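Labels run A, B, C, D, E and F following the written order; every chain starts at residue 1.
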Amino acid sequence: MSSDPYFHPVSGFDLPRFAGVPTFMRLPHLAPDHPRFGDVQIGLVGVPWDSGTTNRPGPRHGPRQLRDASTMIRAQNGITGLRPFERVNCADLGDVGPNPADIQDSMTRITAFYEQLVQEGIRPLTAGGDHLTSLPVLRALARQRPVGMIHFDSHTDLFHSYFGGTLYTHGTPFRRAVEEGLLDPKRVVQIGIRGTAYDMEDRDFAKSVGIRIIPIEEYFARGYADVMAEARAIVGSDPTYISYDIDFVDPAFAPGTGTPEIGGPNSFEALAVVRELAGLNIVGADMVEVSPPFDATGATAYLGVSVMFELLCAMVSD
Amino acid sequence: MSSDPYFHPVSGFDLPRFAGVPTFMRLPHLAPDHPRFGDVQIGLVGVPWDSGTTNRPGPRHGPRQLRDASTMIRAQNGITGLRPFERVNCADLGDVGPNPADIQDSMTRITAFYEQLVQEGIRPLTAGGDHLTSLPVLRALARQRPVGMIHFDSHTDLFHSYFGGTLYTHGTPFRRAVEEGLLDPKRVVQIGIRGTAYDMEDRDFAKSVGIRIIPIEEYFARGYADVMAEARAIVGSDPTYISYDIDFVDPAFAPGTGTPEIGGPNSFEALAVVRELAGLNIVGADMVEVSPPFDATGATAYLGVSVMFELLCAMVSD
Amino acid sequence: MSSDPYFHPVSGFDLPRFAGVPTFMRLPHLAPDHPRFGDVQIGLVGVPWDSGTTNRPGPRHGPRQLRDASTMIRAQNGITGLRPFERVNCADLGDVGPNPADIQDSMTRITAFYEQLVQEGIRPLTAGGDHLTSLPVLRALARQRPVGMIHFDSHTDLFHSYFGGTLYTHGTPFRRAVEEGLLDPKRVVQIGIRGTAYDMEDRDFAKSVGIRIIPIEEYFARGYADVMAEARAIVGSDPTYISYDIDFVDPAFAPGTGTPEIGGPNSFEALAVVRELAGLNIVGADMVEVSPPFDATGATAYLGVSVMFELLCAMVSD
Amino acid sequence: MSSDPYFHPVSGFDLPRFAGVPTFMRLPHLAPDHPRFGDVQIGLVGVPWDSGTTNRPGPRHGPRQLRDASTMIRAQNGITGLRPFERVNCADLGDVGPNPADIQDSMTRITAFYEQLVQEGIRPLTAGGDHLTSLPVLRALARQRPVGMIHFDSHTDLFHSYFGGTLYTHGTPFRRAVEEGLLDPKRVVQIGIRGTAYDMEDRDFAKSVGIRIIPIEEYFARGYADVMAEARAIVGSDPTYISYDIDFVDPAFAPGTGTPEIGGPNSFEALAVVRELAGLNIVGADMVEVSPPFDATGATAYLGVSVMFELLCAMVSD
Amino acid sequence: MSSDPYFHPVSGFDLPRFAGVPTFMRLPHLAPDHPRFGDVQIGLVGVPWDSGTTNRPGPRHGPRQLRDASTMIRAQNGITGLRPFERVNCADLGDVGPNPADIQDSMTRITAFYEQLVQEGIRPLTAGGDHLTSLPVLRALARQRPVGMIHFDSHTDLFHSYFGGTLYTHGTPFRRAVEEGLLDPKRVVQIGIRGTAYDMEDRDFAKSVGIRIIPIEEYFARGYADVMAEARAIVGSDPTYISYDIDFVDPAFAPGTGTPEIGGPNSFEALAVVRELAGLNIVGADMVEVSPPFDATGATAYLGVSVMFELLCAMVSD
Amino acid sequence: MSSDPYFHPVSGFDLPRFAGVPTFMRLPHLAPDHPRFGDVQIGLVGVPWDSGTTNRPGPRHGPRQLRDASTMIRAQNGITGLRPFERVNCADLGDVGPNPADIQDSMTRITAFYEQLVQEGIRPLTAGGDHLTSLPVLRALARQRPVGMIHFDSHTDLFHSYFGGTLYTHGTPFRRAVEEGLLDPKRVVQIGIRGTAYDMEDRDFAKSVGIRIIPIEEYFARGYADVMAEARAIVGSDPTYISYDIDFVDPAFAPGTGTPEIGGPNSFEALAVVRELAGLNIVGADMVEVSPPFDATGATAYLGVSVMFELLCAMVSD
């Protein structure tokens, strides 16, 4: 497997990393009408949208800050030695333009964009956006049949509704996804769940449909390698989606998010869990809830793109 | 005119200003079911809502930060000597709880709350929230007949729609208010308008209905006193609403807002223009678009509550 | 054991967490003259006072920021499932008003306030304030007989005096408390001590009176569970006070404090050590040295209230 | 005069302003090998370079932050009504890649890039970079004959050398430019000079070659309109370069710069002086010394791009 | 008048301004036991003390940050051309060590230090500290006979007491100074007073003893030159102290202070009013209330030392 | 071994830690012409220089911020009980003045300064500066014969060149040092290497000359004690240099650096690895790449000086 040099990122040895228009990982930027769009194999897509946020907004600014931080990423995985950009054609496909004042309209736009990718055979690596982003993406990716999911997060995002019946928020996407048949709950595992809770409604639902929740105290007690072995077993070799909420990571390492929960994994494990995904059948992945207004130093975005690079490596590993 | 001591704020000579649960200006906090609710004459209300924001969100956090900063406000106007809390019964009436993921539901909730105030004869001084806040407030205050408005802002907020037809955003409230008969456009004046523009659609509408726009270059050329004399003449002695967008003020003085425009008035004039409102027939006032996530030092909130104190003085002056 | 719904916090499902006047954990705010004051079982009290600080001041702003952050806390402990607000009547009792320019006057005021709580049978959970706060609190709680103490900190706060004989500073409270017979030194354990030292005067004193110090290198070598087992054994089933200085936690997780010491526990252990207190006879607890001016992002306050919630759970566990 | 729609920026009514890969003013990004490069009339170019900085570095990050902030700029000048993008073909030509560790190599690279523009007939609007940036740019623009210059700054940048003979720093570019025959000193005016001084060496040089310096106290005493009338007279109708150091503006409005000097113009005048350039024969312009590491809130970059928009308007006015 | 080169500051042309141990204005640092202490004519002294602060503390960190910022100051006044360090022997005399937990002890220490200066004939230029600093300084300087004072501030600091009788706070120093016969109230003028007020107690006292207050609205209406002419007339040619509270300046220019009041002078006037002091008989001067914890960017300290440089120029002008 | 009290630091019990001109660890400041210069045994030296930085500059501000933070350091090692200042004469020797605009000139100046130290028998503990700083220092220290090195870092800094042949950058110092015979590669160990990579050129070079690289995944797998035992064995008892790049530590603990790499050690291990150096033959040590502009809260500088104190302890241990 070998990629077209057209799709290789610019090296920091040639152009300093602070220079240049910031695309994801210094890849070429291709809009859907670009003549080489069809040659893309993995598309990095921004979804600057946070209208589903019930608490502190900000992830609409995520894609831009993630692009900025991503110019710090180099070509090779320091631990595995993998050079993903030389394996498959990667490109920055730009942002899906949401309608910040209309949730339904935004979801329609997002799903439409991802259906284009599905048609072209492009696998998406998404930079959100709040966690509601995953729902319209899954509507495109799982239209044929439900997918499995490995979900890193401190929250289940499985609630039924908020504020007296509001169905579409960043706390409900996977409840909807299960209801809509986009996720096969028996092939879904949620890792890192923690924090104070409203009630057990989300966990009761998980249990009722067969979603496996691994709370943080179990995660730490078993160690990440053991947990990830179970996760791989749960999703098996069928098509699987990876959803990574930055608040999975402890807020000392990733402060820039709207609903942080203390007591999470450190940055070494933030990457290590993703390396354990190598070899899975990944149809798409997302990094969500990076919120620049709460990320005073840019540390969260940098951690976010470091995770995205590992996700990319997982997507191109055999 | 003399107020009930029950409604007097706590003095910083007795309790240090950094101490205590932060209510607006250290006033008593009364929910609508409080036995003394009916005795309130001016109610300070928070509307923590920014779902109409087309650009950078954050004003949902405004009321809390404004309350925090407001404990720096003392009892007496330094220039006029007025002691507003001794004139009328003022209270913090808490926040209207919005639905961050549903604009229509939020507007319904806000209008309902303000209709209660109208019924009780309480005049509201509102802390937003983005500028769409003014629309559901006006729906309660102007239900009987259209009101006039003096509007401090760098934007007209008179656009028809955004993103292909979305009618309810923070860029459209006064277009809707005119259409709904809540504002008498001939008695509306907008002061401080500036910045780059999309097009002339908003200004053409203003002209077509008789709204008077005073752009910043005219404002500086004439001086604030002359401008305010014209503004007073435009609204006359009939019921008038005051809407104060913090981005009226230059962002060096008020950085914490979502759509700043450089080249505005300084903080001395930010207060001085409000003092010129004394004697008008003010049915309500608001301070909107204070956005704490973009207000690293709290300076904007402090300026905002200083303006709110002047608005309060204007509302109680004869 | 079941509480009165009057004392239940507002849910974030009903009112968004950024909305409302911020009381501790969204509990009702009751001043001592409130008719239901006598029904309170655990009172959350702020002591906005830092006049005893020898280094960088700021904890006088602690209670306000802790209240603000505390609206992120939900009703249920994510790990134990405990719902403390449904077990006992909890309330925000406001702040004790200190005299920032007079240490003795402030201590008198604080002790007087806590004596009222003792009389009413209200157990206090205090938000400081610098560590000198614990002394006037203990003067009220331990008037009858000395109490034991589990003390989380990076410093012993056992020095004799500063600056040529000054007895009352945040580095001396527990030296005074032992001298005044408020603490039974044989039932005192200090956990997490670290950092560079002036000399051994404090440790020599501890040894001479029987206070057990567990320095950080021992803490990490043994693990927190083992350390906490010893701590429980030291205080036994007699009345015990819990004092938690936020600088116990590593400053990457809790930067907002005046005298940070690197090399401390992470946020998972910051909570875990408190969960090990369940079942002790806790007469009161405090969270001190949270200093908002050095807490640029609010992370420290959020960690602080998360610990306070665990302390509350420990206080209501059987 | 009418431009090709290919070169029009994306509207915030269509794509929210926080969305999309950030190019200057949302213009198309064209590298020199782009087929439409030759159609560009005004090129916005970044020079991310600060190796000439003698004090606090940072302007190498300027172009990226200026691009980010520039997505807030709309299509029309609010005061003059001019729509520059509809007049001439504008594009983002990317960054010139400097060599951060070699000043001479960087200057060679920069001059080479701008010579390409001169050959293509593209007028440059540069985003620096520290003030040494202007020298290699002038080497390309003034190769045929010396140009005049209107220079907004708090410093003259006319020193002979630093640190015992170092000739190329951000404090010496215009001394070199005069020596190299790139500037006609009789047609050079420097406006806003202020701050404490090392000595009079720079001013003596200015006097000796006929450069006109207008210090800040004269600027304020006469008013900006009168000063700009003199400036226009000095440069006349011959080719003129505009160099705008962001530290011309008072640091309350533009804190993000390496050598701020208090007591400067406010943001209204920061724009107004540029509007007075309309009609001049402008061969190129730059905005330098924007230093994001010292621009905690992004305010300086936003002011910087607002000035760049005015510079663009001046460049396309008749 | 010509100074000893031993007392000249290091030039930024020789040692970059960011280098070196930061003394005030890069002057030599001399402790009282230094052999050349007696040769000093003007001593720059830090008083890192804020125990008198009733609101937000922090000025104890002022001297250090002012020293840091002061390395940006060069040798020559940009407007007058004066080179103060070549006129008189200036030195950094270090900090007076306060006792942060004992106000009376601290005042004793400060007065003792300044009595040493008086004995040696050294005129002090003080960097505070909160405004209570001025009292122990005046006790040394005015022991022989009362002095006059020009006082730049937004507050009068003339209150009788706080918190039920506390006499020594940063809101009371000049009340005490008048009572103690240190100030001749007929030769005292306070400029820039503004903000909301507790009551009129301070102003009534001023009137009763003949202190002239020039509130900010009068200041702006008359212009600074006219106001300063009156100020010079009030103090005449007798010994005069200059006290400059940084909150005189608008908080957009000087945010780093504990009790900001919006609506003040800009940075140009912040310096200009000091230049008007040339020729007065200045026995000492202070810059107080610079509070680094509230000065996120260092802008306030930089403005503060810029004012200190102008104060120094005023002290050495004939 | 016992030191002269002249070289003891000022205690925080006598002078509060926020007071005084900030020298390294409150030691006396001695320039080379000071009469007691020759009595110094360990000299703390600042090298405020970052011209070799290929990415984000800032370490030129390191020494000043490290001095400021160092006043928090007390006299005694909390874990070992060692009191280094009582063992050997330590002093702050000031900063080496670099030429920010000339790399070769700066290296010459630095080497000349350190040759003076070598001549006087003073061992240096350096505060950088970017990592190129180590090269001119080693040129002085290793002139006689190559030294060994224990190098804590996330990068090898062993690249051949950048930007088409530039040899002297912060990514190349140890390549040059090996080439110049300053380091004995067989006695060099690099610990903590991680992050994405350009290519394997640096690692291939290391292998070819016998440098031992311990990447972070090996470091965590083995534990720090085991790793450090190997490191000690590699350097043995011959002269050894210690180079500590702050980016060895995870950026959650040390954000203020130009090229952070996530997934590193925490602050406890940051110190613990240095304690393992006790007894080695240390000829000098450095702490580099602390970059204040990216260290919003000062946390990095505080960690940096805490490591410097441990380095000092290692240098004086037997």
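To be clear about the criterion, a contact is a pair of C-beta atoms (placed from the backbone, for glycine too) under 8 Å apart; a residue touches a chain by one contact, two chains touch by 3 or more.
Every value quoted in this text rests on a predicted model; they were computed, and no experiment measured them.
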Mutual neighbours - chains that touch chain B and chain D alike: A, E
Report back the single chain whose CA centre is most distant from the CA centre of chain C. D
Tell me which of B-C, A-B or B-D has the interface of D-F again, with more than half the contact pairs shared? A-B
Whole-angstrom distance, CA centroid of chain E to CA centroid of chain F, is 40
Multi-chain touching residues of chain A, meaning two or more other chains, are 14, 16, 18, 54, 56, 60-61, 100, 162-164, 252, 266, 294, 296
Overall pattern in which the protein chains touch one another (line/ring/star/complete/other): other
For chain A, which residues are in contact with chain B within the complex? 50-54, 56-58, 60-61, 99-103, 105, 162-164, 166, 168-169, 293-294, 296
Which stretch or stretches of chain C touch chain F in the complex? 54-56, 162-164, 193-200, 215-217, 220, 250-252, 255, 259-260, 262-264, 266, 294, 296
Please output the residues of chain D touching chain A within their complex, sorted ascending. 14-16, 18-23, 29, 46, 48, 60-61, 63-64, 67-68, 92, 94-95, 97-98, 100
Over in the complex, which chain C residues touch chain A? Could you list them? 11-14, 16-18, 72-79, 81, 250, 252-253, 266-268, 270-272, 296-297, 299, 302-303, 306, 309
